[in-house]
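These are the structures, in structure tokens.
Common to both upcoming complexes is chain A, partnered first by chain B, then by chain C.
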Partner chain A sequence: MSTIWTLASGTFGEAIRRKILLVFLFVAIALMVIFFAFSEFSVREDLTITKSTGLGIITLAGVFISVILGINLIPNEIDKRTIYTILSKPVRRHEFLIGKFLGGLITVLTNTVLMGAVFIVGVWIKQKNPEWAIWEGVLMTFFQLMLLNALALLFSVFVSPFVNFFLTFFIYIVGSMSSVTESLATPDPHKSPFVVYLFKFIHSAIPNFGNFNIQNPLIYPGTVVINMTQYIVQNMMYAITYTAILMLIAILIFDKREV
Partner chain B sequence: MKPATRVLLIVIVLLLFVPIACLQEIIDPQRHTFEPKNLHTDKLSALPVEFMLGAAVGFREAIAGLLWVRTDQFFHQGDYEAIIPMVRIITWLDPHNVDVYLTGAWHLDYNFTDSDQRSDRRFIPYSLALLREGIENNPGVSDFYSDIAFTHYFRKLQDFPMAIYWFEQGAKNCPNWDYTRIGHGLAHAYEATGQVDQAIAEWQQLVQLHEAAYKRDPHDTPDRSGMQVAEKNLHENILRKKWRLIDTQPPVNVHFSAQLERIAPMVLLVKGTMNVIGSKNFILETHAHTWAPIDGCRVEIRLQDADYKMPANVQFNMSNNLPQDVTIMQDSISVRGGTFDRKYDLSKDSPSVAGDKAIYNFAAKKYTVTLWFNPGTPADTPPDAQDRIGWIGEGMTDDNYLDKSGILPFTAGSKVNGLRMIKKTFYLTQDDILGSGVKTFN
Partner chain C sequence: MADNEAPSSSSSNADKGKTASLADAISSDNSPQGETGNAIEIRNLVKRYRNLITREWITAVNDISLDVVQGEIFGFLGPNGAGKTTTIKALLGLIFPDAGTIKVLGRGPGDNDAKRKISYLPESPYFYEHMSGREVVAFYASLFGLSGKARNKRVDYLLDLVGLAGAGDKPLRAYSKGMLQRVGIAQSLVNDPKVLFFDEPTSGLDPIAHRDIRDLIIHLKTEGRTLFLSSHQLSDVELVCDRVSILYRGKIRQMGRVDDLVAGGKVEIVAQDCKPDADRIAQLKALGGSTEQIGDDILITSSGEVASKNAIIDWVRGVGGNIISITPTRRTLEDIFIETIREGEREAGEATHFVEGTEAGSRS
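Presenting the complex of A and B:
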């Protein structure tokens, strides 16, 4: 465990040295801009667009951080040949992978929390009262990014960073369109059964990043979600389980890979 | 890694997909409460790619908000046709944006008009469809119920039993229903159907509800004024119930007559008489009053294809497939000095003049022109007329055109028990309307 923690803290430290937290600074500036950008609209429109855009920017920035971190975690170590030094010590391959993943995750968490805090303070100032429910959105964003980070890490053990970038983004976009894949998987007399089963498989097997976009009930508190806490917990379980699957596959592939 | 460990890990991976599939099955229906549903590829193809991707990665509400701002610009530019697909896309992207549904439905009801500012009635089924969709996605928001009820209650449909249904649904389904818009509307709809005891009970309840809300928050100005209005209406209803029981007998003969003339192709002249007696200077507390002929009543007129029935369950779509071959014109004519008349030049909105924007196509072979006067319709009958002819015409009669069926014209069979209204229908052919020269119909 201490090996994993050492590797994780090392990865986090390296990310800080690479000034990855500067992303937070840019996002904070972008958030401050949006707090004033829509003030000419009606109050309701202004708040709707501000909250949605703010949460969207946090997600998007987090997605870029996760993907760029995730695709480089392993290839960087191989290119710089530092992996030989690490694996020659009593560090098992799965410990190395998990340590790198956790290091990336801590970096993503730090950024997400800082971006979320700036956003909440901004909304507080704008609407003159705090809206703590936004943390639920930030929490869901973090679990979405955890899943994405694991996906990027999985691909990084067997494809180049360039291919990995597009592959991860492709799956992220398909996975974000849960409504579409689900709709396409709904039986319809005009659809071929093959198409229905294909999309049913895609909807069930591809990580559904769209599950984590809960901006709508945060923007409209009147939205009836049967049990928001239960919904959030189910999504957390989904993210953790899927991350476990991706990490196990990564471990299985990395174990066989020649480095 | 040992081979046995590898096999075990592969088995674990495969087994973990079972809870993933199960969780997705559980999550999907919950996600539908705040995500677009009934998604079909035609809706997707209507969305530009950059918007579709933006919506997919978490900017759905932001994009919907910005599209709504753009829609507002279309409105101010008078580009009304462009608003319909925008409303469709926005409500699809953001099914909880209440303003878009309500404004979109109002737009369909009121903003498409002919040259004389009469609204195009072909849009009404789609307006109702949009509001029903809004209710489906936001069952607890009372604004939807009050708006759909008002569309039935006032000018557009005058289907008071359906208005009552929607007002009652609003009070039942919305924990924070609007006492003024839902409650007052319901009480007035009871009045329009002659259910005076229910109206009085509703006003009594509203006085208490407004008072309680006002006491909870003394700065609540709408509830303070709502309470004053409810108290006034309660007081008036109680007294009117008492006096109208006496004053409406024996029924007064309104001697209704109507004549329709084609004076040129697609130009119709309607004229007639209706002698309504009402009260002058009625003092409700003392019953002091004078009966005299009064102005202020309105006769409704509707020209439509003889076989047209308003479609009941249309969907609000991108294009709406507005029936281009259907002709409907509805208006109301005020009665002054016991007579009414109005000229309708429908040729200005015919295909030969208005082209694609024609409202009156006259494609059907047969038409009806119906004139009616419903004493229960608040927009057509002032209270001083009702003082004599009653809530729903119990004090009114006519030698030729009294309709006691209770069926409200051009509704899906909505009935008001005890309703006595005036109704006359002319049956015309396409040649009768399109022909030249003067022709009179009786």
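Presenting the complex of A and C:
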């Protein structure tokens, strides 16, 4: 465990200083600050748009940060030959991969918390009172990003960062449209069985990123989620299980990969 | 560099405490040595790669076998692309052989117990730039389970050993290439290794850093460590290595003790007052000697064999001459290297790309 932690902290230290990630972080924070500073709407509109935009900015910046980080975690180590000195030490390949993933995840968490803090302070100032429920949206965003990070890391063990970038984004977009793929997978006399099975497969195999979109109940207080805690816990469990499966596949591939 | 003054990591009393601390942190030595006493054993190693564009298979390492005994400094030589780094990576378990067997300290490549006893310094190593030299060495020490005071002591000792005691807290981005190489060596010694794999440890260094690192390698040799050294710096290799192998196009073309390889040089005999006629000159040629007139003297070059030497001395006396000097000339490892590679090129039917007098490292 100490090996994994050592690798994770080294990865975090390196990742947190990556300029491109800092750019996304600062742009996201700047956008939120500008938005909060200049938005002039009626009270209801203001809050709706503020919450929607704030969470959207966090998600978008977080997606870019997770993907760019995830696609480079392993290739960077190979390109710069750091992996040779690490794997020639008593470090097993799965420890290396898990350490890199955790380092990336801590980086994503740090970025999400920073953006979330700005978001909640902005809403607090606008609303004149804090709304802690916003953290639920931020939490869901983080678990969504964890899943995305694992997906990018999985692809990074066998495809180039360039291909990985588009592949991960493609899957993220398809996975975010889970309601669409679900309806396409629903049997219908007018649909070919092939199409139904194809979308059933896509809906089952591709991570369901749309489930993490908590913006609707957040922005539309009229939308009722019967049990928010259960909704959040279920999504967290889904993200953790899916991430574990992706990491297991990544470990199996990486174990056979030459570096 | 303070390596000459620094206590040996296994010999001095001062360092015994450090070694003991390290031993406490690193699991006990349960990695057996090779049954034959070899630190490294390679048998019929083959490694092929597929060209992604042409789909052709390229044989990077072609059926090589060698043993490195414990405590030996083994030079692994060859032009660029000969298969040196591929072999080292296979030894470390970073890539997998297509055929053949490999053992390091009696274990298969990549075995974690063996990895506790070995270390690797890649060519132009890169480390996390946000860290200082001290943090980098501490990072690698942590991978061996070292922590707290034991780790700090080990890090201090190693930074001192490689001459970075005063610069250990600077970030790596402020380091020169020579300093980075010293950090690389420090990280490679963090576990007090029995077997070290050094890939071009002096590549691109200024003369001072080059000399320091060469001295450090000599220092490691005196400590009885096994060193598998890949280098283009043939003069260094000749100085520090016990044995070498010369690889060309994935095959070992030459292997043996350095002393044996460079032996068998020629002898230059300078004589005066020689008045040979044509028959006598022909006789000298038959003895394997060649002559060159230098002023009033004659320079005769012959093989270094005793019989040949004596026959030429007799010949000089036979023509009424006097011996002025007899000087054995020694071949260098570079001579052997160039001859071996040229022979390999001839065998491969290639046009020669060698240019006389260029640094071996620049050829490929």
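Convention: the second predicted complex is superposed on the first by the 237 of 259 C-alpha atoms of A that agree within 3 Å, B and C clash if a C-alpha of one lies under 4 Å from a C-alpha of the other, contacts with A are read in each partner's own complex, and residues count from 1 in each chain.
Definition applied: a contact is a pair of C-beta atoms (placed from the backbone, for glycine too) under 8 Å apart; a residue touches a chain by one contact, two chains touch by 3 or more.
Given the structure is predicted, the values throughout are model-derived calculations rather than measurements.
Visitor: So, A:G10: does it touch chain B (first), chain C (second), both, or neither?
Guide: second
Visitor: Looking at A:P75 after the superposition, I want to know if it touches chain B, chain C, both of them or none. Which is it: first, second, both, neither?
Guide: neither
Visitor: Between chain B and chain C, point out the one touching more chain A residues.
Guide: Result: the larger residue contact count on chain A belongs to B.
Visitor: Scan A:I245 for contacts with chain B and chain C and give back first, second, both or neither.
Guide: first
Visitor: Considering only touches as defined above, state whether A:T85 meets chain B (first), chain C (second), both or neither.
Guide: A:T85 sits against chain C, while chain B stays out of touch.
Visitor: Should A:E258 be classified as contacting the first partner (chain B), the second (chain C), both, or neither?
Guide: A:E258: touches chain C, not chain B.
Visitor: Does any part of chain A touch chain B in one structure and chain C in the other, and if so which residues?
Guide: Looking at chain A, the two contact sets are disjoint.
Visitor: So in the complex, which bits of chain C are touching chain A?
Guide: 89, 92-96, 112-113, 115-116, 118-122, 124-131, 139-140, 142-145, 147, 184, 187-188, 191, 197
Visitor: For chain A, which residues count as touching chain C in their complex?
Guide: Chain A residues touching chain C: 2-3, 6-7, 10, 13-14, 17, 80-92, 256, 258-259.
Visitor: Residue numbers of chain A touching chain B in their complex, please.
Guide: Contact set of chain A toward chain B: 38, 41, 44-45, 48-49, 51-53, 55-56, 59-60, 63, 93-94, 172-173, 176-180, 182-184, 203-205, 208, 210-211, 213-217, 219-220, 222-226, 231, 234-235, 237-238, 241-242, 244-245, 248-249, 251-252, 255.
Visitor: Taking the touch rule as given, give the residues of chain B at its contact with chain A in the complex, in rising order.
Guide: Residues 1, 6, 9-10, 12-13, 16-17, 19-21, 23-24, 26-28, 30-31, 33-41, 44, 53-54, 56-62, 64-66, 68-69, 94-97, 99, 138-141 of chain B touch chain A in their complex.
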